[in-house]
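After this come two complexes, each holding chain A, first together with chain B and then together with chain C.
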Partner chain A sequence: MEADRKEVLVSIKDLRKSFPVQKGWLFRTVGRLNAVDGVSLEIEKGTTTALVGETGSGKTTLGRLVLRLLPADSGQVWFQGVEILSLPPSRLKNLRQDMQVIFQDPYGSLNPRMRVGEIVGEGLRIFRRGSRAEIAEKVKELLAKVGLPPSARELYPHEFSGGQRQRIGIARAIALRPAFIVCDEPVSSLDVSIQAQILNLLSDLQEEMGLTYLFIAHDLSVVEHIADRVAVMYRGRVVEEAVRDRLYRQPLHPYTRVLIESIPVPDPAARPPSSARPAPDSEDSEAGCSFYSRCPIRVDRCREEAPALREVEGGHRAACWEV
Partner chain B sequence: MATVGGFLVVAMVLAALFAPALAPHDPAAADPRPESILLPPGPGGVMGTDELGRDLFSRMVYGGRVSLSVGLIAVGISLLIGLTVGAIAGYFGGWVDSALMRFTEMVMIFPAFYFILMVLAFLGPSLRNVMVVIGIFSWPGLCRLVRAEFLSLREREYVLAARSLGAGHLRLIRRHILPNALAPVFVYATLAVGGAILVESSISFLGLGAQPPTASWGNIIAAGRHYVESAWWMTLFPGLAILVTVLSYNLLGEGLRDRLDPRLREGRDGKSARG
Partner chain C sequence: MENLLEVKGLEVSFPSPAGDFKPVAGVDFVLEPGRTLGLVGESGCGKTLTALSILRLLPPPGKITAGKINLQGVDLVTLPEKEMVKIRGAKVAMIFQEPMTSLNPVFTIGNQVTEAIRAHQRISRAAARRRAVELLRAVNIPRAEERLGDYPHQFSGGMRQRVMLAMAISCRPLVLIADEPTTALDVTVQAQIMGLLKRLREELAMSLLLVTHDLGIVAQATDRVAVMYLGRIVETCPTPLIFQSPAHPYTRGLLRSVPRLGQRIRRLQAIEGVVPESSLRPRGCSFHPRCELADERCREAEPVLETVGDSHLAACHKAPPPAGKTDG
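Up next, the complex of A and B:
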């Protein structure tokens, strides 16, 4: 397993971000929500690492921290051998050409007052990649690459369907020929029939351009066919991380098992019952494991002490006392 | 109703633009012979004459010009300040936002109208001063509106996407945030023109605005109030003009709001309302 490890493109070290929790009419800060609570992760070049977790697990925040679209509280992000969180703005701007993002909402991620040609060509204009005519030509190529006609340039985003808009967002993301793209639930708001098309498009582009993806999703079913490695997030922490096949076949963390059980199965009779406790039946203690209240295999130690993410065997990491 | 308002606004703008062609007489040409002063509406003039024998209709048309230019220029100044301060506060947030908003609130809590009168008393009455002073005291509402729009728009995914493409502050503001913040600003500005016209009329009525012989609806009423019993036309027509003008701008503004605000547009076209 260790032998065929490739070059690491992105390396995240103990990344943290918390948001103030405000209450009352004066909006006093009553506490802090640890959205990303000490995450370390390595992403290999040319692969897809899936980041899976439920709503509020901090996966979107993590994606934005890695691209420095949000300022982190502490930690490091190494990209192509450069630590980007401490980079001065002038050097950060240059680095932006190499890392891009694709968003979930195909409605909110395109400026409604810009034509598609302007949207897709904006990066090329910012970095002055050619004359006006050359950029127009490149935009046509990009649109063709994502399966849109050249005439799309003249139209506004609202004239397209959800799937087509997502293609526009992808064209914008690949325009500068980046090395790394954070895909933030790119298919979650699309019809199932469209999802496969977009996933295939992303795979084709990865192969063609040698892209590295951090693919964020809220369940394991979507990423089953495209991920090389999968990291499962729960309440701001990575609780399990492994090569895809291992994670699906031998999940270690009880939360990962819950996620696998919740993958839709065509036969309703074959559906296994969920192993999770139905609802939190006790308050989570500050010190203990954050999954304690829902955990089917918890022991007393879990309430006292949070388990750290540790390597169980051959590149398979999990954060649980019981594995 | 918005259409009616829009129609009236356009009509008044045209009347102001073509005032020289529309007015049958020089608005300042006095004819103080006893037989030509305070004539009621009739063949001599559709709105009669004033206490100096000037044609009231001509004075009304030129007064409209004053009202419109004060309204537009005052709101223009207010837009300039409000957009700049609001955009900076909303875009940068944090302590910049706090500092600018405390300053805005300070301007806001001044009893603006009395303050305007005070400033005009110091600077001396003139139309130019009126425009500037109204503009300087009417921007806080607009500023807060712009700030709120910027605060919410800067978190939009298309703004994040532009940032990840390496767009600088200026490009983000000019290309991505401002164009999407303009609709409510436009509505507010339309309503503000009506408000500014009302303030100008009040100031001119009190004698601190347009100075005779320049005609303004406010100072026509001021002159006419001495003759309310004998020459009702001198107060009725300018009063009606102010009422109809302010009403038209308000109707137009409300109509624009209904059209432009996606939150009020639900059910009409869900998809494009989201974008």
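Up next, the complex of A and C:
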């Protein structure tokens, strides 16, 4: 391990989760889908680690496993020196104060029948952080922190726009002063002008409260603005992981390169986005690399043997035979 | 150049007990043959309703209450529904953001594509089927013949959007309207669909009206761009100009708030405030509450689209006047 590395807050070890694949009208189980297939990752205190990938890459599932919102099949998650997947449920409640989540959908993640004051103050009430009056005062402070007026307490979620709802979700997440927040696509349903406001708010709160984020996103240009480290997922596995600048300047894995090259650049002089191999043009083999069918630089070995994630240089890890 | 499609003073109203509200309040643009126009704006700015108006597919109780939509000199606004049926799908076709909900889940792909063909062309079932295979091949669907018997749920999001495209081009339309065609798709699939759209537009010599919120897509795929805010076009110009010399403060704000790859800055510059509901349109310039340049005049008088440069128009009192020259 490098000497200048900070303290590790969350350590994920060989985490796995599979879901049954069902078919037909009897929903017979015909196989299993490995949503998270042996992921190991370390998240340093006070930093943002981004988890990037396309639909179905397993990034959201991984976020939920880490929070124990979903039971894992195997593996470990260490948080502040405690292995949380084996904790008895009775000790889980206290842990919830330190780990929070911000969801993608600011419409579905706020109870429409609760007032904003109740939503933001619910955690404070459950953990008895003060009298009614003290909690009300605290809620006002929290709303101010995320840029909402005190009058918001009396309103219902439907009275707010998408960006404002996301602010409510953030106020709820920071209410108990957690150490760690999983941000699951927090800006992907927002307009760009609002997106920038929310990203700036998340950065400010991180600085002020020393928060650690696991930032799940599909948009690499958003991630570049917020992440310290980036892990790229493909079909349940981390295929590349590095500090931000290395990953964007010298991407090693062909999938990362395809992802970066596919982004349309807001500059008419820039090269048009490349479209790599259209769809999978060959069968995937169980044993080989999961990117084989779409890979532009594949060799025979890739079909027979899956490459493991290994350190290439200076904390830059990649899972590819050809790097 | 002759205009293929010309929209003038388009207004869309929805009646409500509190008075009519106008999500589209006076939109003008032209689409030239073989060109791509990007219609850009954030949620609720009226870009989708503008697109739907062209096909006269507004969701009720929405109505076009003013303006003209000229397609090759024929005004679509006043056209009887019987005539409109012959335009829809044949001369003007549209694809939507959600390829999941635009296809009927209980019919096969073959069924739906041949239906689109036979709606406008008098050909036999067998001929329509052959044509459907050709179309699916044209949009790069592998094993097209076998896949005709498959249902929409057996296709991925990107493949469904290809099917929608195949149906849209089946009658060789003059104008293709694509409403956020790649927003629901992954970025690698988006690159493929945009490449396909470009190729088809060239091969079929169509004009494309591309509705999007993504300035990256605008830069890569359009010739001209119109920026909408609260139901009006606030700026329009050839695409390169919007990136080089945006004239409207809203456009500048949008450009600044886009995170760009490889140009990381410590803080993104957000546009302050939020988009007001279109029923609560501010007096004067509708952008003034969020505008850093706003003064007394902006709060009182509404700016109109005026020339600020070579085929570059902006609706802003503070926009720089055309540099030196009077007319091109």
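Rule of thumb we're sticking to: the second predicted complex is superposed on the first by the 317 of 323 C-alpha atoms of A that agree within 3 Å, B and C clash if a C-alpha of one lies under 4 Å from a C-alpha of the other, contacts with A are read in each partner's own complex, and residues count from 1 in each chain.
The criterion applied here is as follows: a contact is a pair of C-beta atoms (placed from the backbone, for glycine too) under 8 Å apart; a residue touches a chain by one contact, two chains touch by 3 or more.
For clarity, every value in this text was computed on a predicted model and none was experimentally measured.
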Looking at the overlay on chain A, is there a clash between chain B and chain C, or do the two fit?
-> fit
Figure out whether A:R257 sits in contact with chain B (first) or chain C (second), or with both, or with neither.
-> neither
Now for A:K59: first (chain B), second (chain C), both, or neither, which partner does it touch?
-> neither
Kindly classify A:S109 by the partners it touches after superposition: chain B alone (first), chain C alone (second), both, or neither?
-> first
Determine, under the contact definition given at the top, whether A:K145 touches first (chain B), second (chain C), both, or neither.
-> neither
Is A:H225 in contact with chain B, with chain C, with both, or with neither (first, second, both, neither)?
-> second
Check: chain B-chain A-chain C angle from CA centres, nearest 10 degrees, reads 80
When both partners are placed on the shared chain, which of chain B and chain C touches more of chain A = C
Distance of closest approach, chain C and chain B, by C-alpha atoms in Å = 7
After superposition on chain A, the chain A residues reached by both chain B and chain C are none
Residue positions on chain C within touch of chain A in the complex are 42-43, 140, 142, 157-159, 186-188, 190-192, 194-195, 213-221, 239-240, 243, 253-255, 257-262, 264-265, 267-271, 274-275
In the complex, the residues of chain B that touch chain A are 156-158, 160-168, 171, 175-176, 179-180, 271-272, 274-275
In the complex formed with chain C, which residues of chain A make contact?
-> 54-55, 161-164, 191-197, 199-200, 203, 218-222, 224-225, 248, 258-270, 272-276, 278-279, 281
Using the touch rule from the top, collect the residues of chain A that touch chain B in their complex.
-> 64, 67, 69, 93-94, 96-97, 99-101, 103-105, 107-114, 122-123, 126-127, 157-158, 169, 172-173, 175-176
